[in-house]
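Both complexes shown next keep chain A, but they swap its partner, so chain B is in the first and chain C is in the second.
Now for the complex of A and B:
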């Protein structure tokens, strides 16, 4: 190592170690504890990491003793950026000086979370040198969290990470780090190119991430199918989830094999009876019948019978707006705003990006401070939102229209006539285009 | 932790925000800007003065969008945008310009 590398310093030895009785208890449970990870860095990390972790553990134990947290935020950032660093300054730095600054760098993971081991090693080396050695893959925000950095090292650590191709994520009232599932690279259920959609949208809107100027946070998430491995439906303001509009594909031979192996009762209990819309029936000859117009593409039957069943061929995405955790109003799932769109050609991706930009612009112009877009829609009403974005209302936006007391059917005949006219026009356009 | 201006000592926190907002004056602003490596010109003063006026009226720092709209009005669209704000204040108007204007430290959310 070069002279002056902090990793050359003297390690922490027995005498200097803070006792941590309260934290030790956290290691008793059946699950791996973060305390074990912190202790490993304290005992086996590079010397500079050891010192920082020793005092961090000391402060944490002190917190548990007094039942008080001793961290305060700040306004640190790197040159040219308004967000991406979460500063933490200790309020008991006189007792625990080595961890007096313990800032976090939020770093955007690659779309689909694809890394090479070489990249991971480089990240570890960078963080061993400039930070505490503690990295979390990945936080709920979607970021890689590089936790534990002094104010002084924030810029050089970022520069090194930037050199190997990584950029800061979002924090504050801004576009946030997006997530996409591993998707079509590895997963047979994938219904669109998640990583392409993810990269295209985030690269287009990147300024909104690095220079916070929105009323509050705004998140995009991309899941390849309704299994929704990145929690898009309830965590993303803008959720893009893969689906299909033709029939589920059934391999009847594999259905028979599944039943022969698992039993008829098991199949009825776990597949037929579990379909949320009762769209499946089992024939006398052990083949399956699916009423596709009733199927809501929930993925359940496919997940149980992965060999026999698979998504259809006419694939695309649904877009849901407004998912979020509790804030001004309680948790919200995204509202179905685009029931289906194809996402294959360059034009399709342009259309998606344009729509994303429009929604963010609408949010910037219309949301109140500290309000997620789901709350804006709740406040102004869905019709006003659809009108502002010029989206024609569609019965497919509503779950069970006939049983929902919020569905009004006055002017039904007029609206139905408009609907059929629009559909006919779209069909006509398609024919003339072909 | 303090700034020295004209023989006076002005306290600040660990990130350079003054702790007593009444201590602010133009010389102090220049001194804070100096420690931030920022040279105060007409454009930057315009931003800082807007922040101070707004704070005086509403007792709260403006949202970044409000600031940008106001600057757009006074300096024109080619300067009234977020990108230009970061050219003036590379660590962001919310943080750096507020510090120079002697406003309270922005709290922000993670």
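Now for the complex of A and C:
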């Protein structure tokens, strides 16, 4: 960095501004315009922000003109870390030199994306001084993206953010930044303490994030219920979804009020008929009857009748492993691997964290380079994965048992014996608990 | 400066920050103790705790890539009209929480006055979940924030009201890696030509075995071209996915004739009613006509209109199509059904209709 505060440099003057005819078309209309924001940084921002934004706008307009991107990656990190910075060097730096380095700092947000206005201002002040003045809340992995930093300023920008309690997120073949829904903080449908699960797991495995050494990326996401507001099943290698084992709670008086307000036909059409397992019926007296053993905890009826219905008391989580998008073998959703795990006591959280560590360790040891864990499971088969992690097979893991006869079953009796032993043990535990 | 370089500051590896220090006090106090919620109006949520406490949330759309002026404006609104605490949703909407219902109307007015649409709740079209595009990505086929701005301008009315059958979630992605994710409607770059290889650069820039390994259809092999070690693509096998381009930029996948847009429908994250689903191809080969994408907008407009008119309350896009059948989906939207809609990838057979169930 040059001597003195970068904000004291000379501002961009009128004739130095790049024309942006393509981007100018994106300023009208009712939705907030990011172009207007970028231009404001160019015209009214701190002088260092102005310069960088002027050339950034120029390059972006150039992209619109030629329908091509002009950034290339590289290697860049801060002291002590191997990841978390996304380097971007311009391929058209001769035309747009002030934004020739436009790196992003991926920074982990507070679990659940909570901020105070003071915190937002502190972040703005840091990014005004060391960056471009452009921040994205949030990227698709859940990071705050501080976009537009010179190579020279990456370290001081990180130092300032780190001093106010923020840390870099993941990039490359590493543990990635996680996401959790608003959950316990505001949602009655939440079935576990998302903040605690999210922070405990990620902070325990932090070394895997900051010093990338995994075969490929590994993502955790935490949704408090099956509505899955952070898209965990599609997007996470390790999805933690809140659920419950006992009965849905019904306030029959509120059911009657709902029907009185919305109508009986509407309630039949939108609640009874939309239950995926036909587990609900409406009684003649406008109360609901739920066949709880048939309920799959999909959340639909609870979403519709928010006052009358709510999750049960015996709450916990399901864990699904292997979600990812297309590359390389095609889209995969997470597979139900742990149908239920209690998550209330310190021991429960320790157990969850240990399981997370085991799965990541399995991934580190067994995945091929650039292979996601869902692909590893596909390659080796779910039985091998379960055996490696000492998880017994469970009917909740499948839509239906195998249809293919191409399997060797000469140890079927031994496997069946394990099933009956387990059932007996579970029954014993239940008796002793009672 | 030199002294600093000699003694680098050790990072404080704090990990995921504790959110309780930033959380609204009513939310902190009632953490894990909420009873029910409702939505007094579009864009506003009311959550009631078992303790009797209430918290009102006002949700507003943002441009996600925000300049300091926008963020400071939002912070100022948070101080003047709310209680100084905000959060963001998964889809980059901002939420202001207030304990006092009397603050809701002035807060809504202040946000609208400052140009932030209030909505995105319930059966609305929420903010498009999108990627980085030309602004920051190293392999983008198109822009993200720009085209999203155009689409959200078009869909603004459906953001500020709750008049869709159920929530409608749209995503955009600037290449087939699909960082935008699954959606009721997913608007993704879909390449139509094999990569164009600059053989002068491959040997120096690309780790060739890694590139060969990256190809999902084993169409890439090492080759000597003009006496230089390079790579060649079996163009008959190539599915034009672009997977070789990130590890090997001399295998340029983008170009006017290759970078097209496809629209996919019926993806769903939630487990409510039906199980989560992947989105399915609706239309491909639309031009990458940034900044306005008129052809994309037209097709999205048709799909949104048909869904809005025909779906039952609480049916998501995919559930609606499941009920009416794909034939009627294509009839109602006026889109073409082609051989490219027939899946050919692993597991394709399971996507075929192996029954006598037919829609007329």
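The rule is simple: the second predicted complex is superposed on the first by the 394 of 434 C-alpha atoms of A that agree within 3 Å, B and C clash if a C-alpha of one lies under 4 Å from a C-alpha of the other, contacts with A are read in each partner's own complex, and residues count from 1 in each chain.
Keep in mind that, in the parts below, a residue touches a chain if its C-beta (ideal position, glycine included) is under 8 Å from a C-beta of that chain, and two chains touch if they have at least 3 such contacts.
Everything numeric here is computed off the predicted structure, so don't read it as measured data.
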Room on chain A for both chain B and chain C (clash or fit): fit
Partner chain(s) touched by A:240 [first = chain B, second = chain C, both, neither]: neither
Touching partner for A:76 - first (chain B), second (chain C), both, neither: first
Vertex chain A, arms to chain B and chain C (CA centres, degrees, nearest 10): 100
Which superposed partner A:118 touches (first chain B, second chain C, both, neither): second
Touching partner for A:41 - first (chain B), second (chain C), both, neither: second
First (chain B), second (chain C), both or neither touched by A:32: second
Dominant toucher of chain A (residue count), chain B or chain C: C
First (chain B), second (chain C), both or neither touched by A:149: neither
Chain B versus chain C as contact partner of A:343, first or second or both or neither: neither
Which superposed partner A:304 touches (first chain B, second chain C, both, neither): second
Shortest CA-CA distance between chain B and chain C [superposed frame, angstrom]: 6
Overlapping contact positions on chain A, where the chain C interface meets the chain B interface: 73, 78-81, 86, 369-370
Residues on chain B engaged by chain A in the complex (per definition of touch): 14-15, 17, 63-65, 68, 82-83, 85-86, 90-95, 99, 105-110
Chain C partner contacts - residues on chain A that touch it in the complex: 1, 22-23, 25-26, 28-35, 37-38, 40-41, 44-45, 49, 56, 60, 63-64, 67-73, 78-81, 86, 88, 102, 104, 108-121, 123-124, 127-128, 133-140, 147, 155, 158-159, 162-163, 165-168, 178-179, 181-182, 184-188, 190, 193, 195, 198-199, 202-203, 206, 210, 226-231, 233-235, 241, 266, 269-270, 274-276, 296-300, 303-304, 306-307, 310, 325-331, 333, 369-370
Footprint of chain B on chain A - complex, ascending: 73-83, 86, 89, 171-173, 207, 211-217, 364, 369-370
Complex contacts: residues of chain C adjacent to chain A: 1, 8-24, 27-28, 31-32, 34-38, 47, 55, 57, 61-72, 74-76, 78-79, 84-90, 92, 94, 97, 115-117, 129, 131-143, 145-146, 149-150, 152-153, 156, 176-182, 210, 213-214, 216, 241, 243, 249, 254, 256, 259, 267, 269-276, 278, 288, 290-292, 312-314, 345-347
